[in-house]
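Two complexes follow with chain A in common, the first pairing it with chain B and the second with chain C.
Take a look at the complex of A and B:
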């Protein structure tokens, strides 16, 4: 095991949280402070999410006419995701010279596209594309979950029809018995961890990703902790989206 | 995976109706029945494996070739004590008329599956990379597995993971001696090859999901976990593979450890089902692992037919 004590006898983690405590979660509809300039359905409509020290920006472009004629689907819209993880987002600067995304980012793009293709009501927007552009400014463990949460909020704010809210959370396991919710970067580095995303805070799992060795008999508990975290997160997101939209209304009037 | 293959609406409906009655297009009786797996190891060579999936009538559905090669390279700067490992899996014109020869984009299924197998082996330390170091910081072995699809009718992920693990278990690299920083590579005539350090055998299994209702309905009926919203099918054929609406991939080893657990989007399924599937996968994977070990054992015996005659070892009595 590593030299860190991830979960001490008092039930506290490295950063002083309890095992099932989420990081603070703050989102805002637009990055410009001037709400008077706010206009809907422009690509300047950027959603910002801060989940602990994860800072994620999402811009949603569309639904618009596809630039490439061959991509047109006459029945429904096509979805595309582009994730840009900035080189300064980690503690150590990424020294990779090329500007091409690394393999993990490509995997995330694939998974996120698959995930949101079933959640967005694509039939409403035939012959068009919706492109999701993600920029990660700072990462602190569980970036994938932060990206998914931010895209959900961005879709709502861009008035794109979705069936339900998707929430995602990362989970780690200490000493084969304690489950930690919403990891920070130290925990993510040293523990076996996974990400889970559910639809509408219920028990319907829509994305699951465990890439580390993990005991099979603990999978049930893992899911329970994940589902709980997701349902809490759903309440938070719903509340924040409502508040944001109220603020927006007030500003416009 | 295949781009040009288009399934007509009537055929689509037909296949889905068959599945709803738990029947398959190729004559299998149940949704969870897998096709017969054949592992052929090429004699006189190390790490050269042909895998076959056979239909019930004996014809070959999918054929895969896995080949391990090793070469000496300079290690990565961050990890001077570790060898490197790379998997190259490709579909090309060999696999069938509907596969193109040029390289497909990064957003495709096959890229994703290839990555999955690579990280399945690397992240779980199934292959001990530290054994591959010759001179720290200067010379390490680079192990490369080439996976070629020769005939394709579904079941790529399982076969590729089985093939890679069999090939790695079977492969022997040339022995190396280091004296005064001078490296000598011994050919197989001089010295017996050295086996790679395979610490455990992870095998992937793919559960394919077919919705019984509209996606919207499944999402709306949130808490009804006892309702059957989807069909689960093992070992899809190519046509079923194109019609599926979600998948669930699990890689396990015999020691009851999950190595990979992936559900990339698709229709949502309830958490209890995922737990159920994970436990269901274990006996299947145990069976496959035994099959691999048996195939390698048989090959070993064939190879060393005269070993007992050539050995200079005395009989020893163990108390």
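Take a look at the complex of A and C:
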């Protein structure tokens, strides 16, 4: 048993949330081309998501012509993901000298590319590439879910056609009976946990990732809690994207 | 940083900046000659760092600077300069450029030397006789569209001015008594580390000087100057030239240099007060 009481008798967690309460979710967009820069197409949008203490920045390049001719697919666009976890993102600075990504990041990159290849309407953009650049500035628990949510918002902000919104959320299990939604870093460290991503907030699970030892008889309830969290998150994202783009519209006019 | 312009485009940019009358010259983005690009600044936005800044420039370049403080035991064999070089650690990364890029190293060195030269002779980083604070300054540039040193130096300045250090509660003289310094649990204090900011000034002909040039101006300029400025109307060394194109690069009239200093001195304080 760990020395922390993750879920007390009053139904409160370490940070004072209820078991099914999500972290503070706040997204914003920085549009910088507020004048016609005729020489270059710098309509760069940076989408910034703050999910609890996770801080993620996503920029999307494209759809554009690929620099490498071998990457051209004449039927649809190719998607590539690049995740950069900054050295200062944790409390203790990562002293690794090289800037090469570690194995987990590479795995995430692959998974996210696979996930979004099915969601983006790639057939609309033949012979082009869409590259997603993710920068993680600060990590709390559930970074993967924050990255996925931020990419979804960024795709919408960049007007790239998608079939539906993908939302992701992390879930942990306490004492084999309580399910905690949207973990913070302490909970993630000590509990068996997993991440669920669903399409459109419905009951279609598109990504499931479970770490550590996991009691399989609990998986049904685990999925239920996750799906519920995802559908709530979908509503939040839809609302925030609408508000954001209304603000953008007001700024342009 | 990797935009390619055609010869026609370049000559168009060049022509609009090399008119006979200076009043007829126009910058491609409509700025005044001594006007910097619009900045958005978000100071102290990472809460697990001692200091941090996010600066977004008008052209889309985003700079994120974080500063972390660690305790380091002094090596008594080192002299002051060597020690300072070890105390200040700069790590600059631009996702589009690889780690061994020369431009990256030049910018990293320039920022480091600026800070080290200002700290020489002061004991701002000293904790006790045996221990010092070690600074890890990580710089991240996203969406880089032009030479970012000017923007980076502004972000570093703003970060170092808001970096909070832990407060020592044990004795500061530990030469005779062996002890590890102890810090207050949560109290932090501000130590202002002097840091010059760098202005990039592009030279066109004998008269025209442009502050904070955009990529198209860098590609058509005669020459560029990197001028360091510190508070109280002082231009300080090192001052160097840098070129970004082969086509138009040529020498410049030395009288331009003093003009450039005047220009930087006239705008420097305004820029610093804005941060």
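The rule is short, and it goes like this: the second predicted complex is superposed on the first by the 240 of 253 C-alpha atoms of A that agree within 3 Å, B and C clash if a C-alpha of one lies under 4 Å from a C-alpha of the other, contacts with A are read in each partner's own complex, and residues count from 1 in each chain.
As a working rule, a contact is a pair of C-beta atoms (placed from the backbone, for glycine too) under 8 Å apart; a residue touches a chain by one contact, two chains touch by 3 or more.
Keep in mind it's a predicted model, so treat the numbers as computed, not measured.
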| said: Touch test for A:103: chain B only (first), chain C only (second), both, or neither? | reply: first
| request: Determine, under the contact definition given at the top, whether A:57 touches first (chain B), second (chain C), both, or neither. | output: second
| Does chain B (first) or chain C (second) touch A:198, or do both, or does neither? | first
| query | Of the two partner chains, chain B (first) and chain C (second), which one does A:86 touch, if any: first, second, both, or neither? | reply | second
| With both structures placed on chain A, which of the two partners, chain B or chain C, ends up touching more residues of chain A? | B
| request: Please indicate which partner A:118 is in contact with in the superposed arrangement: first for chain B, second for chain C, both, or neither. | output: first
| request: Classify the contacts of A:214 with the two partner chains as first (chain B alone), second (chain C alone), both, or neither. | output: first
| Which residues, counting only chain B, touch chain A once they are in their complex? | 106-107, 111-112, 115, 119, 123-124, 215-216, 218-220, 222-223, 225, 245-246, 248, 252, 256-272, 274-275, 278-279, 282
| task | Could you please specify the touching residues of chain A with respect to chain B in the complex? | result | 103, 106-107, 109-119, 121, 163-164, 194, 198-200, 202-217, 219-220, 223-224, 226-227
| task | Enumerate the contact residues on chain A facing chain C in the complex. | result | 30, 32-35, 37-40, 42, 44, 46, 53, 55, 57, 59, 82, 84, 86-88, 90-91, 93, 98-99, 133, 135, 137-138
| request: Write out the stretch or stretches of chain C touching chain A in their complex. | output: 3, 5, 9, 13, 28-30, 40, 45-49, 52, 56-60, 62, 64, 66, 68, 70, 91, 93, 95, 99, 136, 138, 140, 142-143, 145, 215-216
